[in-house]
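Order as written gives the chain letters A, B, C and D; numbering starts at 1 within each chain.
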Amino acid sequence: MGDRIRVGVVGAGGRMGKEVVKMVLQDDALELVAAVDHSAGEVDAGSLVGVETTGIIVTSQLEEALLSTKPDVIVDFTTPSSVMKNTVTAIQHGVRPVVGTTGLSTEEIDDIRTLCKDKGIGAIIAPNFSIGAFLMMQFAKQAAKYLPNVEIIEYHGDQKLDAPSGTAVKTAELISEVREERRQGNPNEEEKIEGARGGYYNGFRIHSVRLPGIFAQQEVIFGGHGESLKIRHDSYERAGYMPGVNLAVKKVMELHELVYGFEHLMD
Amino acid sequence: MGDRIRVGVVGAGGRMGKEVVKMVLQDDALELVAAVDHSAGEVDAGSLVGVETTGIIVTSQLEEALLSTKPDVIVDFTTPSSVMKNTVTAIQHGVRPVVGTTGLSTEEIDDIRTLCKDKGIGAIIAPNFSIGAFLMMQFAKQAAKYLPNVEIIEYHGDQKLDAPSGTAVKTAELISEVREERRQGNPNEEEKIEGARGGYYNGFRIHSVRLPGIFAQQEVIFGGHGESLKIRHDSYERAGYMPGVNLAVKKVMELHELVYGFEHLMD
Amino acid sequence: MGDRIRVGVVGAGGRMGKEVVKMVLQDDALELVAAVDHSAGEVDAGSLVGVETTGIIVTSQLEEALLSTKPDVIVDFTTPSSVMKNTVTAIQHGVRPVVGTTGLSTEEIDDIRTLCKDKGIGAIIAPNFSIGAFLMMQFAKQAAKYLPNVEIIEYHGDQKLDAPSGTAVKTAELISEVREERRQGNPNEEEKIEGARGGYYNGFRIHSVRLPGIFAQQEVIFGGHGESLKIRHDSYERAGYMPGVNLAVKKVMELHELVYGFEHLMD
Amino acid sequence: MGDRIRVGVVGAGGRMGKEVVKMVLQDDALELVAAVDHSAGEVDAGSLVGVETTGIIVTSQLEEALLSTKPDVIVDFTTPSSVMKNTVTAIQHGVRPVVGTTGLSTEEIDDIRTLCKDKGIGAIIAPNFSIGAFLMMQFAKQAAKYLPNVEIIEYHGDQKLDAPSGTAVKTAELISEVREERRQGNPNEEEKIEGARGGYYNGFRIHSVRLPGIFAQQEVIFGGHGESLKIRHDSYERAGYMPGVNLAVKKVMELHELVYGFEHLMD
């Protein structure tokens, strides 16, 4: 069993953290060696996520855990306020970080890049670990070259605070890289109800639907002469990100620098 | 052939009028006896719509046409500015009008109702002759009783002037009749791009997509606990309204009063 | 708290049973008084479902539990082999059963109906507790009267054994009640790959898609002249059935006979 | 006007041919110089397609038309039985053919390739001129590398004879090039209605829906862990192929050999 990858999960009691713990436990190529969480208490990591006990007791101290359990990789889905400190601590102890938390600034990411280079150690930071979402964005960018008339509709649960979603904005950015900027629609178009035409982004529109029951969906729709093309991605649950996280945990072992963005792992 | 319904088409050179002419020519139960159009010139009605010649020459004078050809029914898809006069003229000559033009005022409709009653003659006015669109609206109203979280997305060609579409607004009205008014979504929701959350209507949202290639589509989406329900209607072409117009031409023969709204013909 | 409805959950350790336990614990109008499961062991019902402890210890004996905890209602999502015995036991002890297990025979349902009448006690048996799925089926039946050209596509996870799904077959039955039987499609149609045109049911077709990641979805698509109408239902998770079960638990308190089918609770 | 491309349309009276005539007339960079059709009679090409007269009279003799009107390009959407002869005739007269007719054999295509090389003249043969359909196929192939669980659903009008469609089969071939062959679904899966699971192709399934009102649609659906990705293309009308034909007419002017397949024109 000496060649299994030793994994620590930071934020193990959070909604994503719990999924990561379960994913690690289910993969024979990975070994859960540490589970860190500030508020979960000293429970067994298995009990924490509703499966069999594991013998791994949740701890609130990351540094101690790194020293005593010597993980190869830590996976971090904590909050913007703690992720920078966690990541730096890990690298300084020679532990490769896989980070899914969003909100790191460009400066912080540059600092991590430098630190990785200095230590010769791999790290992965990705705001999204979904393979399908990644493909949707790539296809949207490719299609916009040939079919420049486009709108984006994204669907999330009704308690989401921000609109449009981060994925929709990222998709819009990718489209804008290849699409000549042009204001779509009739120049004399009139909104009888304000906002009906959606949010304006570089000449095209983004619409945000918020309904209970929906986890995360997005459609990118292209209109052409007598035809339309639609690319749709549905995320049904947090578990949907786990194959991507699993891939990242394995890929980071082969890296000696920071990779930013899931797309760079896929090819 | 004496029992075929004799039909006159007003606005025969318009986009909808041409479809009506073709529909009448294709149904053995109907006989085209007149085609009226102000700007088409004295051409054969068949040539006007791109089929074989019919022997019916297009005329610009409705009243003369009514006197000389004695239709049972006229179908009118002209403009808001001429439809009232045409309809009154028809009823006064004992000819039943089937009207698809939108824009008649409530007063005008009441006047037509009174005139029909006085003459004991049937008439049908309907802003929409699509069976599928009608069913979509009825289902949306029924579903909103049980699943009160709803959003509407409508799709039309990119040259359409108004947003949302008339059908979307009518659907929203029907939903509002049965749905308790309640503002959906997170009360602290924030639009990072103005308009992303769509147009606000009685607590829920309407989104208008405009893309080339699309004729007319609408989705009404309901979100519930762990589920969603979507009702979607696609109109692919003007011809899609013709079965409804055909039904109206036949039903109006049995009426002795005005019927307003296609829904009253269906059951 | 004396007027809360006292609920016992049978099969509390099953996948649906766990959801029922959580639903009961979350509703202040309901009180969990018993949790029965043959194989879960003597654990706390809260621990069993991964929430806080409740003080209710899971038991394997239904009859004892009924005697000692006197529930008003039991909810049963066990197996076809045990549900009949459980239901009869409950009624004989004056406890109203809400049954979600499928597979009871017509004779068994008739026996339960007689027993309920004799005891003057309410009971609900329903193969499906989803409000959205119920509406989809009702709308499909209504639409088929006007748009008789129809096909059904259902989507489930790739490990499902049977195709088409029970819901698809039930939808097809409902459509057949109102649709004149007629073989759709070109009479000379040819399958170049056998099965491409789907399963044949009373003149129309049913298609079963099986893919990982999907829980349960169904589309009923109607084609007309230049238009189409689609009714789509998505179930994202077992929790989606809980509002329906919750409604049934409350409605069964007002009943004095058996109600078979969720649709009879809705109006 | 000397630098407009001179275009002849062969099969000008067919459904696709009429669209080509209209497309050529609408583009100021193109000049209609000949319209050939065996059965249309000596009518004006404009009247034939329902627009203003053009002065170009339809002829039934291709070779004479080539000699007298000297087109740069001919566009051919005739039948499999005449397209080979037309194409050879054109090349021998130094006229570049753009061919949309399907059904040429591999040997015939090779003969055309040789003839083009000998004459140093460009030619384009493509079974499909839709940009959106092409993108759908490319994306499906790319996605299958990462998400190998896939099914195809295609939708056409109810009078179509063959199932699955040629586009669906071509999509399946492209997917098979990159997807490891593996039989999807539960190995013990059982069809209660024969054909429900669709047509089997190299381990995955193709479903063909046939409904009136629909022109041509296709969905390629990929299932992953907790997610799905859908690529959908809708063709609304024959006119939808015209931008692709237009592109081919312009590109063929720059070629000195045969290009087979629309995809080689796009990049």
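We adopt the following convention: a contact is a pair of C-beta atoms (placed from the backbone, for glycine too) under 8 Å apart; a residue touches a chain by one contact, two chains touch by 3 or more.
Composition by chain, UniProt nomenclature: A, B, C, D = 4-hydroxy-tetrahydrodipicolinate reductase.
Just so you know, these numbers come straight off a predicted model, no measurement behind them.
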Relative to chain A, chain with the most remote C-alpha centre: B
Repeated interface matching A-D, over half of the contact pairs identical, chosen among B-C, A-C or B-D: B-C
Distance between the centres, which are taken as Cα means, of chain D and chain B, whole angstrom: 35
Approximate Å spacing (C-alpha centroids) for the pair chain A, chain B: 47
Separation of chain B from chain C, taking each centre as the mean of its C-alpha atoms, in whole Å: 40
Overlap residues in chain D, where contacts from two or more other chains coincide: 213-214, 222, 224-228, 236-237, 240
Partner chain A, residues of chain B touching it in the complex: 149-151, 153, 155, 158-164, 169, 184-186, 188-201, 205-214, 221-228
Chain D residues within the chain A interface of the complex: 130-133, 135-136, 138-139, 142-143, 146-147, 222, 224-243, 266
Interface residues, chain B side, partner chain D - complex: 50, 213-215, 236-237, 240
